[in-house]
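The two complexes that follow have subunit A in common; it is paired with subunit B in the first and with subunit C in the second.
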Partner chain A sequence: MKRERLTAFAALAVGLIFLSPVLYTIWMSFQTSDAYYTGRLEFTFDNYATALGQYDFGRYLLNSVLVSGAVTLVSLALSVMAAFAFARFTFPGGNLLFGAVVATLMIPSHISLIPNYLTLAKLGMLDSYAGLILPAISNGFAAFFLRQYIRGIPKALDEAAYMDGATPLKVLWRVIVPIARPAILSMGLFLFITEWNSYIWPLVAVGESELYTLQVGLARLYRINPGEGFLDWPLIMAASTLTLLPVLLGFVLVERHLVRGITMGAVK
Partner chain B sequence: MTGIALRDIRKSYPNGPQVLHGVSLDIRPGEFVVVVGPSGCGKSTLLRLIAGLETTAEGEIEIGGQPAGHLAPQDRDIAMIFQNYALYPHMSVRENIAFGLELRGMPRAERRARAEEVAAILQLSPYLDRKPKALSGGQRQRVAMGRAMARKAGVFLMDEPLSNLDNALRVAMRTEIKELHRRLGATIIYVTHDQTEALSLADRIAVMKGGHLQQFATPDEIYDRPANMFVASFLGQPGINFVKAEQLPDTRGVVGLTAGLRPEALMVHADRPEGASIEGKVILTEMSGAELIVHCETTVGRLVVASQRRTLTALPERIWIGYDLDEALWFDTTSGHRVQPPAESRSM
Partner chain C sequence: MSRKLTPYLLVAPLIVFIACFTYIPIFTSLDLSFREWDFLSAGRPWVGLDNYRQLLVSHDFWNALRVTTLFVVISVPIRLVLALAAANFLLRETRSSRVLRAALFLPYVTSTVSIAVVFSWIFATDYGMANAVLQGLGLPKIGWLQDPTLALLVIVIVNTWKQLGYDVIIYIAGLQAVPPELYDAAAVDGGGRWHVFRRVTVPLVMPTTYFLLVISVIEAFQIFTIVDVMTRGGPAGATNMLVSELYKIGFSLFDIGQGSALAVLLFLLLVVLALVKSRLIGRKVHYEA
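Take a look at the complex of A and B:
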């Protein structure tokens, strides 16, 4: 009993340590700039108003949501289908193709930065949503991860569905996807966060400020900060909080679906 | 009702040895056929070929008189019950049963009614809204049956559907499956490694070994006139005793034959009986309800006798086993095939 309480206490302490920068960010974002530099306590929502109004963070937020949402949906759809094909069908060149997918995991993203840039420039897709979205939608890791998960689903379930009259697409949609839902949602969350936090590509691919994502906008905030030589930290923290919140929210929404054990009772 | 014809089916898995070596079966419409054999002999493979879940390498499959080898599983009018049930874990019992109907485009109200009707037959009505994981093994088994029944398919394939149940449930479900067959009138192909199930369920039994069909006949025929020593030993519990003709006192002159003596055709005597007998001593006895199974070490090797328990009093260690060669089955010792009884034994 006593030991359990000690463990809980330790866990809480570690959790707080990890959380402290985030908490400090949020705390600071409600302070006025003057108060922050003089050490007084003075609270305000002005930083948020400034970020959203003067610095167009509402627009960046929308862009981030659009781009991350589209990347997540499209790459999930693609990788679920690829994973199903790799997990369940043998076809000529299948192993080779799967090897190629796995091989993409070993290519650092910075290596494809310039080729992607040149390709999209030739296609005239820089400075567009498509230019932000397209390079991110093929995700070898998602395909690989989901394939492994689908392989763990008893094949007898597919076969039962085929006997029941299903086509392969029906099997995928009505049997595999519902059963793999925890994995698909986890992967979706992962893809969303990755894209949300992506910085280099949006920075390179987009020059017009209407297309900035939050990460790019946040970085710009340092540069265009008014005042000589010193930064308006509370404003930056407010912008950071705006950048952070949707991800936290998404996590809270998805988290309760990330439960295992849904295949229990399928086959004895 | 749908008949099924298999002609010279051969199958090997990719980079594996050949699993089926030319199996031919002619299954009549409405027949209950049990495929039985030791595990690994290719029973499931055969069933999956009929279902279309494996593609046949060689040979022909006809379903309802039509060549079906090229058809996908969903186009074969076949329902299958899997050994592990393979229930959809994310669907309720009702949805599990109705899924096949939905896929075949039956309207919602109609398939609901059909699912409920099937559930009532299988005594699943109280569980319609439960998920499979909240069901007992026996209930899951029934859902698997219900899923197959709902579609009114012409052919039912069952791959060891009872092997995951405990014994009492197994015996009860056996009776139910037999009743179901009578009610549905569908053709059933039932795979099992359990000879008791085969004998009690089948109109005809197909005995397999190592990918070869050994015999395809009625249970009586299989038991009374097995095609070879393997079939004789595989069906019947306890198993048949084999004694070389050379070892039996009254067939000393016969060479190359083996006598098969069913345990129930032998009698244990405390004193030397009138007719033919072999001396031996009791090694151990097993009680099995009405019968007492006596294992004896004799001059011709180990013999197992099934005696009516009532007729036996305490057994002395030294006993005589009486036999009647008219009841023996005869086999060629080298090939294993059943042969005519030798002249000496008939003259006795």
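Take a look at the complex of A and C:
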């Protein structure tokens, strides 16, 4: 008993040390810049006010929420439909199409960077939410993962519903989706976090600062070096905390869902 | 009648997106790699292999290829070894192992830009934490990100710290699939812990190892964000990765043809690696009990 408590304490200590960069980010974000450079302790919320107001992080936060939310919802809707079809229907070309969906997991995304930029330029969608959202939906992971899950649901349930005269869409909505809800939630969370953290595409697709996501905004803030001659680290850390906090909060709430989603995708 | 159409209608929306933003771009890149274009001029004249030729004589390309390969070769084995050791240690379902797993996993879902920023502070020459520790020990300050070798090492450290949790989770899933009798049998045969680990654990998780190897090599070859924030490829190109070079050629110099040629080369490299590895996986799967 005593030994177990000791191990738990050691585990906690190791975990905290491992996470110290994240904890430092949060800690430093509440210090005043002067106090930080002189080694005193003096706490303030001003860094957040400055980041959100003067440096527009309020706007970036909104952009990140909108873009990640939209990508998650649209991706989930399209992936659930496709996963249902791949799991429950045998149709000519079905295996080929499923193969094409799975293969997207292995296709490195850098190859589409220039072409997607050109496509969106042609559509007049650079510097728009649509431009940030549309290419991110092209991802086969969710469909692959949800198909595996749906295949585990007894087919008798579908058949009973069909007997009652339900259409395929109704079966999907009334039978499959409610049963697969945990998997869909795990996947949604994964998609949201992935999009939230996405950097290179928003960097390429957006030139106007009103459309920056948090990731691009933070990288820019660090680069422009606020403060005279030295970096205003506490301000940067406040902006950084805003950038990572929503995901951290989500992580604390649903870590197990997330881990399950990722593991099930990787190991059958 | 419409029953036959149903599955096609259900998959169509996703397939359209994947076609437009993943598959067609592969061919677009290939086509553009044979043309000269600066994104503004009206014509896109066909120039054959010129773009590839220019790349292959460019110092920056070879440097990026060398640096990226070095990064992959150093960071992937470190990740896998650390991850397997950690997974082996955290296998049991106790509360402390769950806490540690969550801690290890957290950086994986945390914003890469945020992580790059805080590590920029840790390794900053002045007021940085690493140098504060050194000075506390009576040692001189080091310009971590100003030294070519150290800068690459720092990138490896940051990337390992961020990705480790993913590898650990996958290894734990792989280890949990190993039947416990096998450990017992090896222990009965008189094997110590290290013996059991080497003779039972390592061979039995081979499929997982190969899976992680493929995934992490492909992903490591595409490293961009950490470098873009922390060093911008410097000092003197010492951390300039292939995707950083692609970004520079394509979106700073607007040399669409040469940028596409670089994208195609990197793509081919990764596809070949994936194919080689998938053949290897096919062979090693026989280990499965």
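The working rule: the second predicted complex is superposed on the first by the 235 of 268 C-alpha atoms of A that agree within 3 Å, B and C clash if a C-alpha of one lies under 4 Å from a C-alpha of the other, contacts with A are read in each partner's own complex, and residues count from 1 in each chain.
As a working rule, contacts are C-beta pairs under 8 Å (C-beta built on N, C-alpha and C of every residue); 3 or more make two chains touch, one makes a residue touch a chain.
None of the values given here were measured: they were computed from a predicted structure.
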Answer with first, second, both or neither: which of subunit B and subunit C does A:Ser209 touch in the superposed model? neither
Thinking of the overlay built on chain A, is A:Ile111 touched by subunit B (first), by subunit C (second), by both, or by neither? second
In the superposed arrangement, which partner chain does A:Ala161 touch: subunit B (first), subunit C (second), both, or neither? first
Touching partner for A:Val175 - first (subunit B), second (subunit C), both, neither: first
Report for A:Asn95: first if it touches subunit B alone, second if subunit C alone, otherwise both or neither. neither
Most subunit A residues touched (candidates subunit B, subunit C): C
Looking at the overlay, what does A:Pro135 touch: subunit B (first), subunit C (second), both, or neither? second
Contacts on subunit A seen with subunit B and repeated with subunit C across the two complexes: 262-263, 266-267
Taking the touch rule as given, give the residues of subunit B at its contact with subunit A in the complex, in rising order. 51-53, 72-74, 78-80, 82, 84-90, 99-100, 103-104, 131-135, 137, 140, 147, 151, 164
Residue ranges of subunit C touching subunit A (in the complex, touch as defined): 3-4, 6-8, 10-11, 13-15, 17-18, 20-26, 28-29, 32, 39, 94-97, 99-107, 109-122, 124, 126-127, 129, 161, 166, 169-170, 173-174, 177, 208, 211, 215, 218, 221-222, 224-225, 228-229, 243, 246-247, 250-251, 256, 259-260, 263-264, 266-267, 270-271, 274
Enumerate the contact residues on subunit A facing subunit C in the complex. 4, 7-8, 10-12, 14-16, 18-19, 21-22, 24-25, 28, 37, 78-79, 81-82, 84-86, 89, 91, 94, 97, 100-101, 104, 106-119, 134-135, 137-140, 143, 168, 172, 193, 196-197, 199-200, 203-204, 214-215, 218-219, 222, 230-231, 233, 236-237, 240-241, 243-244, 247-248, 251, 255, 258-259, 262-263, 266-267
What residues of subunit A sit close enough to touch subunit B in their complex? 154, 156-157, 159-167, 170, 174-175, 178-179, 181, 262-268
